[in-house]
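Scrolling down, you'll hit the structures one after another.
The following pair of complexes shares a single chain, subunit A, combined with subunit B in the former and subunit C in the latter.
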Partner chain A sequence: MWPALAVVLFLSIFPLVVSLYLSLSRLSFAKSGFEITFIGPTNYQTLLFGGERTHFIGVLKTPSPIGWAIFAVVVVLVGWAFTRAVRGGVRPLGLLLRAIGGLLLVGLIWLFVQAVFAPGGRPGTVFVTLIYVFIGLTIQYVLGLGLAMLATQRLPGRRFFRVVFLLPMMITPVGVGYMFQMLTDTSKGPFLPVFAALGMEGFTWVTDPWGARIAVMIGDIWQWTPFMFIVLLAALEGLDVEVTEAALVDGASRSQVFRYITLPALLPVSTTIVLIRMIEGFKIIDLPNILTNGGPGTATESMTLQAFIDWRTFNLGRSAATAYLLLILVTIVATAYVNLVRRRVTTTV
Partner chain B sequence: MRNPFRRRSALDLSPGAKVLSYVLLLGWTFVVLFPIYWLAVTSLKLPIQVNSGPVFFPFIDFQPTLENWRYIFVDLRNDTVRPYINTVVVGLSSAIIALALGSSAAYALVRFHYRPRIGLIGLFAGCVLLAAVAIGLGAPWQIVVVSALGVFLILAQTIGRRFRGRGLGNSDIAFWLISQRMLPPVAVVIPLYVLFQRVGLLDTWWALIITYVATNLPIVVWLMRDYFSTVPVELEESAAVDGASPYRIFRSIVIPVAVPGLVATFLFVLVFAWNEYLLALFLSSANAQTLPITVAAQNATRGPQWWYMSVLIMIMIVPVILMAIALERYISRGILVGAVKG
Partner chain C sequence: MAKGRSLKGGGLLASVMLVAVACTSAASPSPSPAPSAAPSAAASASAAASPSGQNFSGVSVTVLTFTGPQIAEPLQRRAPDFAKLTGADIKVVTVPFNELYQKILTDIATGTNAYQAFVFDPQWMGDFVTPGYLEDLTDRVKSDPVLKWDDIGAFFRDFSATYQGKVYTIPLDGDFHMVYYRKDILDKDGVKPPATWDDYLAVAKQYSGKDLNGDGQPDYGSCISKKRGAQAYWWITSIAGPYIQAKGTNEGAFFTTDNMTPLVKNEAFARALDIYKESTKYGPPNESNLDVGDTRGLFTSGRCALSMDWGDIGTLAIDPATSKVQDKVGSIITPGAKQILDRSTMKLVPCDQTTCPNMGSDGVNHAPFAAYGGWSGAINAKADQKVKDAAYAFLAYMSAPEQSNVDVTIGKTGFNPYRTSQFSSTAEWVKAGMSEAAAKDYLGAIETSLKSPNMILDLRIPKTQEYQQVDLDKALAQFLAGELSRDETMSQVFDAWQSLTDSLGRDKQLEAYKNSLGVQR
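Showing the complex of A and B:
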């Protein structure tokens, strides 16, 4: 127990402290190499309010009707959850924390609709990262679950499918990046005949912001669906077959069995893997870096990639500040997720 | 021969559903295998065949060549073999160490109850210690003290969330562990670089092994914790009654029962260390460089050399695939039982 904690503690606290210090300072080149000057929260100001705002948060415009509708739905949901908490007799401290969390969420969604669902708006790296994480996670989970359900049926040859479905996870993310660069290349890639048949020969994914983002997400889904698949497969295999069989014999339909037996049994492990993938997903860097180099413009740039590009240009302070803001975002999202979803379905955190 | 369409129990699918299942399974198999097939084919092409537009089948629409394989294995000999050895050594040893440390931690988290305040005090001591180290490394002390205090408060707030209620429990320790994976590697890598430079371990196996052990420990603890919690307590209790020490129980009863879970977790952790790019990029150069760096290095000024990359990626995944095939039966039995308990 303690050796493990000590290793993690040592190798995490030290970077945490140094990064915090770096994020509050500026690196400049002097005669004797370089020097680090303390400049206070300037890096954070630049990212959130200053010159990097359009890069980091995005170009904000008045939302379209769809944007307003989404915003309204979220406000109503948050309000509903909050009134339920008030009626449910939550202690004042919990109420205060929930209010802060709810306000943060509403603010985030307000920025989101202004950047994404607004004519002329453009999402910055924060929202691109969030889009990658949530769309990617949803598709990966649904695909992984579906494939795991299929692979547990009593079909000949299922062991073959199980090994094959694992393969994408085994390839280094850098390799996957270059592989998808090959595949999505519309002038020499394998899908040229397909595009030619559709009359889209001049089309390239990489010049269209959403095309490029979709290309990145396809790569991410291809690589990480196996993770969902294998853990869900394991969970499905561990289920008691007799319960399912009894239900089927008693005349339950397969969708009923899934809805009332399989899904509830899968919920605890599902929340674990969703949490793990969520934390890992926020750190996406290899795919956008290699596949699109963050382009067109900064359309596919994730927060980690932004920090990496700043790092490469020796802007260590802003790089560390971006990383810290990402840490704060992940912490908020992950604790909200644990409190709202995971605690409902499991007894352990 | 048995008729695969005959239903033997209620669990079997109807023939129509069976056909549909196969169509879906084969569809995804195609999605998975096509990119890998394309890698394999590209590794047999000359640059001109790659650049002149897609050709699909060796011997049918192009003449395959082993030129790229010769380049990687003969011309680059040492620049391929050395990273390969590095990857094997770093991957295997970090996975084994992480598994040893992580599984004992996971077992302790499942079987014993830890009191929170000790941890909090330890945390504070750790912060003080590291602040001292940072000052020793030359950072201005005022800032170090403030930031160390800040970090301590943040951590105390996150893991001390429910401090007053029922106190911290094991689950809080586990959550803290997984939260250590939230900081992106970009932020971690600068301090680690400085750290390993000071102790003279930069560009050695040890720098990578230590880093990978630390980054993979939370995953090991989480997966193994789920798994150990399914080992029947009665088994251990009867051994304890017979006078076995906790270490003895762990070694001769728990570990053997948990082998499937250990094997599956081992595979996960090995794959993560095997394929890691960003940390390896900074912590290693000529001597300890691993294969992902070699792959990325094929992106030369003339654009990515896809044909060489394909060869490298192919030789990189072969050992892992062989392992996956060998361990497949453990995976489906292993992770699952543990994971069910969430």
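Showing the complex of A and C:
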């Protein structure tokens, strides 16, 4: 027991504590060594309120009507969930935690609509990361599920395609980055004839902020859909066919079977893989770094890339502060997610 | 500082590395050159100057540099020759370019000292010399018959290799920007190569969208690599330079020398940003995502009328395997300006004999920019005496004219000319595949730049990387992407530089800046 504990302490707790200290200090080089000076929360201040604010959080402007609508929907949903919790007899501590979580979520969405759904606004690395994670994840799940359902059908060549669908996952992310750099190069890449035929020779993915973000997301989706595919395929193959057959005999339609039998049965597995990919997705760095180096401007920069760029120039303090804020964000989002789905999973299965 | 303190520091740093490495690592392009196949005949060991009478048998030196093939290639190729001459065992270890800086700093700062010599960017001297990491080479270089110190260009001797009046590095490469143009096309149309940045824009505009390589496709007027995290922040200094610096290298082009006010928020820098953005209109559509390897490829495949680069296009253009513009390339000193920044009012004023003492007869002030400063060799101050001697002998051997005058003519070495003897004769260049006329043209442009008393020294103060590679580079990318207006860009860089200077100590930074600019022969 003790050796194991020591290993855990050394490999995870110790670096965590040290990087927390680093995030509150500045590193400088001195005679035959270096000095770490404690400077308090300056690094956090710079990121959240100071010179790096527009880079980290974004440029915030008054939301457009769509932005207001999204914000209103989220406020209503959070309020509704909270009322349900109150009526459901949740203990005071649980209520307090839910209230804090709800407020954080509302605050986050408020910043989000001001940065993304506002004329003149611009998302910083926090929201770019969130966009990568949530849009990417949704598409990966839907595509993965679709492909898995397809691969369970008795179609010709399905064994071959099962292997082919898995290949992207085996490629190193840096390799994927270089490959997509080539594919998105419309002036000399392999898609040049396609773009030329469409009269879009001058078009380029990576000089428009949204074009570049979409290019990064396509790469990420291409690489990680196979993960969803393989796990969902295993889950689908493990389903009890008798239930489905019984439902069909009783006159259920295909869509009803999918809605009321297949999907609920996949829920535990889905919950887990979405959580894994979500946590993993927050750490995205290879693709934007290779594909665009975070450009145009800072449009494709993720939080990890921001931390990496600081780290590269030995601004270890700010790099650690960014990493810590990422840790907090991931923890909040992951905990909220687990709380949200746990009840559903336990009640439906 | 007590040893215990620095050991504890080592543990801290090591654990931070663990955390950071877990995040990831990924490569980004190197500042110097793109790969190319090169004539191999010249690569074989030619007449070698023997570091006579020196015997280093049993001495082993580990040299750290960046993953080639450039720079590492000549070191690796010549190490066995050096071993035959002296018996020293030279090991060349390479890491990706953007890890080199941390690798050297962590190795010395944590007391590991696994490397006894480094071939690196002299811009980092501010960070390395101040804590005493590098060996003072002043006495060695001046009394060395093999090295032929005085043959090295004065700029590289006095500025690039020198910090606070002492020599810390041996130059192996001469880096400064030049502009290349399609001589065949401009000559045919009777267009003069650009003397000023306004001319540059005019020429670029004239050829933008024209077919320049006969394939029926429209080509580009100007190709400058503007990708973020690559070389963009160097080009802007080349453009702003002649508007900012006129009174010689000592004047400096990054800060004022009285109170370290950044020279990035004024009419001169505004003009440079305008030029930078306008040149994008005449470039490839994805120019803001191209690094210098890409623009070199575009230029040598005949798709650009103009391009700004280090010395590399000159040697890459003669490569029969990849180049479609052999003998069609002209090289010139980077364009200049007819206006100059008045540092008291931060406004542009016309150039005259007083404001621009170094201007040419055409009234144009040129300020060629020694961007990066050229790969240079330095020695770890903590190495054993015998190892230091061997490391020094190897670096001097690499830099000696017998070796380097051949290496600079080979594209894949990444070494560009930096010695007087390298442009006094065209023989080696013609042997490498240049025509006599092209060699004269190329070397003429290099000589004009190298002899300019108004060359701009790249920034070399503590945290140089953060000033340029983070703050300036990011703002430029945001400016090009339209995230920031011109004035916002200037303010953002100005504020970031000011706050960085303040956090590091204004007086200390000012002293370091002045030291880097001060000539003390």
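Throughout what follows, the second predicted complex is superposed on the first by the 331 of 349 C-alpha atoms of A that agree within 3 Å, B and C clash if a C-alpha of one lies under 4 Å from a C-alpha of the other, contacts with A are read in each partner's own complex, and residues count from 1 in each chain.
Here is the rule we use: a contact is a pair of C-beta atoms (placed from the backbone, for glycine too) under 8 Å apart; a residue touches a chain by one contact, two chains touch by 3 or more.
Fair warning: this is a prediction, and the values are worked out from it, not measured in the lab.
Contact with subunit C, but none with subunit B, is seen for A:T292 once the two complexes are overlaid on the shared chain. In the superposition on chain A, A:A118 makes contact with neither subunit B nor subunit C. In the superposed model, A:T304 lies in contact with both subunit B and subunit C. Within the superposed three-chain model, A:I13 lies in touch with subunit B and out of touch with subunit C [touch as defined at top]. When the shared chain is aligned, subunit B and subunit C each come close enough to touch A:S319. With both structures placed on the common chain, the touch criterion links A:L327 to subunit B but leaves subunit C unconnected.
Contacts of A:L47 after superposition: neither subunit B nor subunit C is touched. Once the two complexes are overlaid on the shared chain, A:S187 sits against subunit B and subunit C alike. When both complexes are overlaid on chain A, the residue A:V216 reaches neither subunit B nor subunit C.
Number of subunit A residues touched is higher for B, counting subunit B against subunit C. Residues 11, 14-16, 18-19, 22, 174, 187, 283, 285-286, 290, 304, 307-308, 311, 316, 319-320, 323 of subunit A are contacted both by subunit B in one complex and by subunit C in the other. The touching residues of subunit A, when paired with subunit C in their complex, are 11, 14-16, 18-19, 22, 26, 28-36, 51, 55, 59, 122, 174, 177, 185-187, 202-204, 206-207, 209, 283, 285-286, 289-290, 292-299, 304, 307-316, 319-320, 323.
Considering their complex, residues 1, 5-6, 9, 12-13, 15-16, 18-20, 23-24, 26-28, 98, 101-102, 105, 109, 111, 127, 130-133, 227-230, 284-289, 462-463, 465-466, 469-470, 474, 477-484, 492, 495-496, 499, 503-504 of subunit C touch subunit A. Residues of subunit B touching subunit A in their complex: 4, 9-13, 18, 21-22, 24-25, 28-29, 31-36, 38-39, 42, 50-54, 56, 101-102, 104-105, 108-109, 112, 114, 123, 126-127, 130-131, 133-134, 139-140, 143-144, 147-148, 150-151, 158, 171-175, 177-188, 190-192, 194-195, 210-211, 213-215, 217-219, 221-222, 226, 264, 271, 274-275, 277-278, 291-292, 295-296, 299, 304, 306, 309, 312-313, 316-317, 320-321, 324-325, 328, 331-342. Interface residues of subunit A, counted against subunit B in their complex, comprise 1-5, 7-22, 24, 38, 143, 146-147, 150-151, 153-156, 159, 161-175, 178-183, 187-193, 222, 230-231, 233-239, 241, 244-245, 248-249, 265, 267-269, 271-273, 275-276, 279-280, 282-283, 285-286, 290, 303-304, 307-308, 311, 316, 319-320, 323-324, 326-327, 330-331, 334-335, 338, 345-346, 348-349.
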